[in-house]
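Both of the next two complexes hold subunit A, though its partner changes from subunit B to subunit C.
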Partner chain A sequence: MADNDNVQSTVMSILTDLTGSDEVTKNPDIDLFTTGMLDSMATVQLLLELQSQLGINVPVSEFDRTQWNTPNKIIAKVESMQG
Partner chain B sequence: MINLQPYANPMYFAILGVALLPLIIGLLNGKRLYWYGTLVSFIFLVLIFDGNKIHQGIALIGYGIYEVLLSWLYLRYRTNSKNKNSTPLFVLAVVLAIAPLVVVKMTPLFSPNPSLLGFLGISYLTFKVVGYIMETRDGVIKTFDAVKYIQFLFFFPTISSGPIDRYRRFVKDYDSVPSREKYLELMGKGFHNIMLGFFYKFLLGYLFGTLLLPQVAHLAMISRGGFLDISWGLVGYMYVYSCYLFFDFAGYSLFAIGVSYFMGIETPINFNKPAIAHNVKDFWNRWHMTLSFWFRDYIYMRFVFFAMKHKLFKSRITTANVGYILLFLIMGFWHGETWYYIAYGIFHACAMILTDAWIRFKKRHKGMFPSNKFTYAMAVFFTFNTVCFSFLIFSGFLDTLWFH
Partner chain C sequence: MIDNIITAIDHYGETDPERICYIYGQDTNTYGELKTKSDHLAQYFAQSELPDGAPVMVFGGQTFEMIVTFLGLVKSGHAYIPVDTHSPNERLTQIDSIAHPAAVVAVADLPIEMPDLKNFTHADLAAAVQTGTDGYDHDKAVAGADNYYIIFTSGTTGLPKGVQISHANLLSYVNWAVNDFDLHEGVHALSQAPYSFDLSVMDLYPTLVLGGKLSALPRAVTENFKKLFEVLPNLKINEWVSTPSFVEICLLEPTFDAAHYPDLTHFLFCGEELTNKTAANLQKRFPDAEIYNTYGPTETTVAVTGVKLTPEILKDYERLPIGYAKEDMKIWVVDEQGAAVKPGTTGELYIAGPSVSKGYLNNPAKTEKAFFTEDGQQAYRSGDLGFVNDKGLFFYRGRTDFQVKLHGYRIELEDIDHNLDQVKYVKQATTAPKYNAAHQVTQIVAYVVPNQNDFKDEFALTQAIKKELGQEVMSYMIPKRFVFRDQLPLTANGKVDRKALIAEVNK
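Showing the complex of A and B:
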């Protein structure tokens, strides 16, 4: 599945960029919010990057922190939204 | 006329416990008695707003009709595929939704009497309505269900002071019946919450608010005259008031959450050990959480999203900072139109901006500062005192101290 690989690497590169550390690839089940790696500002940047790089529209209302709190969960969400 | 203010005394819980019994038995047997739940809610609402509070009751009914109609009209507009998602219309809907609250909040500036539109809980209802409209705008609420919407808005355990629930989360609970195992667990947690609430509100809240607070206030008042009237009494007031505020409000929230659990509704928690926050950002994830998350999701994130998409500011730091100022100014005005609520808002906006700057500085200079248990304890101590100072501003005591 070339598409899914693309999603995975794109999401990881966005997250690495936003958190400023490669911890996200080393530990893809890390909680991004309780560790303080992502804040609201970075979350909005993530949503905007998903929109521009993958064409996925996530309204702020859909962003439930408990369902988007780890790199793996984000990838799964994005994949499901790509249909 | 009997009038029962929510959670005012232990008697209230006894009456409520008896009234909820059929609902509890129903839930234990896998049934949600909708008609009975509605009846109990209705009676307890009437008991809040009857007798000498009847004017508030009338205001509540008028407000309810107005907001439900407004929400319905906006949802009808949004779900008609012929319409585009007009921004001016969305703004208009939000302005109309908050208009009654604005009138109520502004009235004290012009009149000695409170507004006729006001009633206990109007602020919290307005948060729910605005959240509903924003989620309608985002297209995640697609169908209007008047009964569920009214149940959500007027859910009596949380009507006067929250916690602020969200429509889709509420409906998920309302539409389902927890398994017996799950419900027993909820009842256990609910019971624990209510007991802890007693301890917080009726014991510690009483100790700090009723017994100690007047003493330190008196001490501060008789020690006036120094620089900014600062005295040990004032320092005492700061800590005593902060403790009172926490135990009173956290106790109240625990009651509301506990009662919700017995009704099979998992109202979100409102406080998560705010005293151990290690910075102000962390504090707002632990203090009055449903309010701060509401501001985060519906004001801050939306503002930042809009500003970044339309490139309003050159740097994202500026964007974040303007967002903080906007959020906390609105929060200040929401608390009331006095200088000290607004100063409290500005103080927290500055604290957030400085916290972000400090986090950036530490990221740039990794290894420059030690990070261990001691520095962590220092951070917690510093945050605690910063927050207590902000509560001193919030208390309005400085207004009494300096100007009366």
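Showing the complex of A and C:
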């Protein structure tokens, strides 16, 4: 079972890989979409990685960008979904 | 068989004017409107004293006014150059300087002033469609070898190339598509690709000549997944046309299946490699649908090979075929000397026949390099690597050069390099694609030797480079990842060793 530290480090490693920058860890409140760090295809990759690495199924039809736009918000979302 | 695109579309406006043609959100437009408005626009353009036969830029999004304008222009004897609203401003300037267009039609407001060019504003169009009579001068309309549209695509020198597609090219494509993809009169198609991308022609013209409906799905909807899945099930489309990347987004949603989309019977893919996994997943979700994989460079009009993906094909070929040659085309495989090779041997694909473009607009050097004549037919050296098996099925295996497809968008890596080199913070730059296990490009990585700068860290430098580059190139051409180096690896000849960088990215 994944604990919260694991969620945090896994999400950060996925985001670092997708954005090609460790800025996500340095500035976890950065807006990933307005900075152009993530686009829709990278978002799809994010959802697929969350599924394969953490077993989290995010229904894509409920994916609202405004609630997933920073590393911290993504971590909080994933933690809440692990319930 | 259709013998004229314009009259085939007008036929529905004349015989069934109330028939629905275009759907955008809550708005619908009919074939009667399409005919009347495009007739009026054709008369208006004819009276505007534009130089005969000169192309016209059309700037806008995915709206009914765009197809009215396209049709109005070809009826008045002018090819159109579609430019999507998501293009950087510099794109408009570049196309203007290469194409020497007669005018620009601002279906959407232009983001920059183009004072040296005749401008038709949205208000001009709105006034013009209200006046005039039915009909247009058929002798003036685009026909035969006249250019019908010109689509600009990435060029290795940093400047785009305008691919000229004639009425004869388009006709050859449309007749094949209607027949080989088993499309029926009144088909209701998804219109997702922007008009500046030739994938849009795959849904636009076969649908219009069949008196079908186009449901527009603009970028504002596709980017917002929540919105996308509110809209998509209500479109009730029969025919899906997209890149494999876009359907992969939709397959993430468990309700994207035949039970929730009972009208969806046809899937057509083009623009990049369709993986066996995606096709198999789709076949499981839509067991009765016809799924087609196709292939073709913009220079040969949308697509020149196609195949219906049966469960047997998915079982037999781990890497899927791109299809059989369109019947009026000759496609063959050659070695590095240009000599034909045996079936099963990989080489460059050469394509000849009636849907091959006459060449690049105002660019004889590039045209001569890529085009030639084969047995009296126009022919194109695709730069794509592939082979044909003993059943006549073609397979794609990569490129002879550094052109890549990123989610369906065609990009010359040299084009990005060239534009990166112009950025003031960059001393030298070379890009490399990152591939996944299914041979798809997932990311473009830039290796940059920066100039002296005062940015507090690499992230700030990266953002500044991306911002400046974004003023010159399409957003999909901006590398996602930047790696900063003091120097780049060189080959024995002293050139930047891109292959070493590609190996490093993909290790």
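What we mean here is this: the second predicted complex is superposed on the first by the 81 of 83 C-alpha atoms of A that agree within 3 Å, B and C clash if a C-alpha of one lies under 4 Å from a C-alpha of the other, contacts with A are read in each partner's own complex, and residues count from 1 in each chain.
Here is the rule we use: a residue touches a chain if its C-beta (ideal position, glycine included) is under 8 Å from a C-beta of that chain, and two chains touch if they have at least 3 such contacts.
All figures in this text were calculated on a predicted structure; none of them were measured in a lab.
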| item | value |
| --- | --- |
| Side-by-side fit of subunit B and subunit C on subunit A, or clash | clash |
| Contact breadth on subunit A, by residue count: subunit C or subunit B | C |
| Which superposed partner A:Val60 touches (first subunit B, second subunit C, both, neither) | both |
| First, second, both or neither for A:Gly20, with subunit B first and subunit C second | both |
| Which of subunit B and subunit C A:Val44 touches, first, second, both or neither | both |
| Contacts on subunit A seen with subunit B and repeated with subunit C across the two complexes | 20, 36, 39-41, 43-45, 47-48, 59-63 |
| Touching residues on subunit C, where the partner in the complex is subunit A | 222-226, 228-230, 245, 248-249, 252-255, 407, 442-443, 445, 458-459, 462-463, 466, 470, 475, 478, 480-482 |
| In the complex, subunit A residues that touch subunit C | 18-21, 23, 26, 35-37, 39-45, 47-48, 59-65 |
| Interface residues, subunit B side, partner subunit A - complex | 134-135, 138-140, 281-282, 296-297, 300-302, 304-305, 308-309, 316, 319-320, 323, 363 |
| Touching residues on subunit A, where the partner in the complex is subunit B | 20, 36, 39-41, 43-45, 47-48, 59-63 |
